[in-house]
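My structure is below; once you've seen it, I'll send some questions.
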Amino acid sequence: MPYTVTVRDHLMIAHSFSGDLFGPAQRLHGATFIVDATFGADDVEADGVVIDIGRAGATLAEITGALTYRNLDDDPAFAGINTTTEVLCRVVADRLAARVAEGELGGNSVTTISVTMHESHIAWASYSRSL
Amino acid sequence: MPYTVTVRDHLMIAHSFSGDLFGPAQRLHGATFIVDATFGADDVEADGVVIDIGRAGATLAEITGALTYRNLDDDPAFAGINTTTEVLCRVVADRLAARVAEGELGGNSVTTISVTMHESHIAWASYSRSL
Amino acid sequence: MPYTVTVRDHLMIAHSFSGDLFGPAQRLHGATFIVDATFGADDVEADGVVIDIGRAGATLAEITGALTYRNLDDDPAFAGINTTTEVLCRVVADRLAARVAEGELGGNSVTTISVTMHESHIAWASYSRSL
Amino acid sequence: MPYTVTVRDHLMIAHSFSGDLFGPAQRLHGATFIVDATFGADDVEADGVVIDIGRAGATLAEITGALTYRNLDDDPAFAGINTTTEVLCRVVADRLAARVAEGELGGNSVTTISVTMHESHIAWASYSRSL
Amino acid sequence: MPYTVTVRDHLMIAHSFSGDLFGPAQRLHGATFIVDATFGADDVEADGVVIDIGRAGATLAEITGALTYRNLDDDPAFAGINTTTEVLCRVVADRLAARVAEGELGGNSVTTISVTMHESHIAWASYSRSL
Amino acid sequence: MPYTVTVRDHLMIAHSFSGDLFGPAQRLHGATFIVDATFGADDVEADGVVIDIGRAGATLAEITGALTYRNLDDDPAFAGINTTTEVLCRVVADRLAARVAEGELGGNSVTTISVTMHESHIAWASYSRSL
């Protein structure tokens, strides 16, 4: 996509992982995720924007707000699923895509969404999808 | 592109936007844009570089220097155009592309240019193009 | 102060400076300021906090909200004053201090306020004061 | 202190807070804390260092390692205490001070320790003490 | 690739460059490179991960550990080669790819590797390849 | 000091350390140092500034320019001295102080100088002095 716009927010959650692979992260622990949501488009609209950045930020805040200050192990949406950084990127991207599809963010030109979540200053993940 | 090289600079401008979409940003305000210019290539040259990074930085500084410490509303180049972050990314990328095409940056291998501009710690945009 | 707590916000303004010292910054231009407000205390309260960080963030947002998306040259509060980064740090710190003194942030233990404002990735200023 | 040296590490924990002040953070949630440990000295030693930075980093890693990937609500050391960012800064600083006092970090010149913990890109706290 | 995971490490080396292009960098000098290694995959594995992030970090640390605290001009692997940031990105990416191919990182789904190396706060490069 | 202003620059050098303490850093290696020079003052001047930030940046660039792209082991100024991050902070601070004392930076109000040098994303040092 030639154009992208990104907005940043964060969430703070508890969770634990299943699988020997995760070592001490099998214990209940937590994370701050810095969430970068990127909207891609082939062109800008007449106003010169990919998307209404104010509404994009507000929508992202709603999505992170529904996840933050919680123990994700207790969220039925994640039953039987490891809420790894990769998986949470997909969850946030899919929820954003649904909101864009409903026309909530005001842009008709958005064709891709990518979400990057930083779990620390030395590790992050991303998930990208088309609309 | 397998290889990229990026150089960073910044500019500090006043501007205003037209369109209800922009809410309070319709008023004259301003921004510092942190500008990241990325040059992509299929291969490095004999010297092991995508581009002469010194000349790349100097060229980017000339381009940002022509925009900085100004009110973009007064620049004829932007008459009738909202100088959104997305649009400014394209402007800087196109100006860099013209300079590369003129051979000023010394690299024959550059095939793409991408410009990312950070308007704050929580919002940025980018524009990518081929040469 | 042994303890500090810091919250970050930002504002985007237009302004110009008076004085040969400022060179091209005498022209109308603008800036994004990343604003870090630090509250210092000798001890934490019973809850284990220097200050209610939620209210601290909300108060900072009100103060930055009153300044952002504006041309500071038109603000009577700054008539005859260069709104340099140093001066804006003092303005924000003084406004925060008044709010703390009114008991709005809920902490009795705060004794100092420091504000750092980043005008770019390569320049910032700060102002510190006691309450 | 004229001289300081800082090393960075991180920890990822679950916890909850007691007190209406904390709103939704009264629920079990979690955080990544980026931990910056600063050692201050009046002078450098003959080698030109405040402290053996390798041992400083290793000691900090031991201290963060004893806290990370855990639910702090279950740690007897924190019974009846809100593990706010401010409090955790003091805990890490005190544990580092004990190690310095035992001569483990190899510096005789260290006189102060300051710990800053970033809970997100928009909030952090610190605690400073003398040795 | 829809999914990526990135881990960060660093190395500190001396080197010099051959070629008039490099100006003063033809002299023996040095650099800290912040190294970001990104693993891309079409899907996550059953555990919800692209790759075992612990093993990814450990493998990256081995590769940076074999390069750090050295004068790259003395390393036979780089005889006759300018160890530019671009070239070092490729070296690290190729070494990581070999380790992934040997099954050391535990992921069968990784299909691409990208390495970004930051030589300063204003310049960085990257190299991307498939497995 | 109530007021501070900081400018950032960087330098890229080779060096080695003497002393068992330094382990592998006894070998010739190198570093990028991100250099933050902070000027403190009790008050701002009539123009509203601690110091002419343009001249401050230019002076810092001269000082870093005299050090960068060199092997510090060959610099007579550092004979018999380990050029640790702490020591280099003092060297840059002292050189800046001499320039301020000569009136080069245009501020009469500067009373302190502090220099922080980042050797990586996980380690930095500082040195502070009065004028």
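Order of writing sets the labels: A, B, C, D, E and F. Residues in every chain begin at 1.
In this section, a residue touches a chain if its C-beta (ideal position, glycine included) is under 8 Å from a C-beta of that chain, and two chains touch if they have at least 3 such contacts.
Predicted, not measured: the structure shown is a model, and the values here were computed from it.
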Longest centre-to-centre distance from subunit F, chain (CA-based): A
E-F against A-B, pair bridged by the larger set of C-beta contacts: E-F
Repeated interface matching B-C, over half of the contact pairs identical, chosen among E-F, B-E or A-E: E-F
Distance between chain centroids, defined by C-alpha means - subunit C, subunit D (Å): 27
Euclidean distance of C-alpha centroids - subunit C vs subunit E, Å: 40
For subunit D, residues contacting two or more additional chains: 8, 121-122
Touching residues on subunit C, where the partner in the complex is subunit B: 8, 10, 12-15, 24-25, 27-34, 68-71, 119-122
Residue ranges of subunit A touching subunit B (in the complex, touch as defined): 1-9, 44, 47-50, 52-54, 57, 106
Touching residues on subunit F, where the partner in the complex is subunit D: 17-19, 21-23, 81-87, 89-90, 121-129
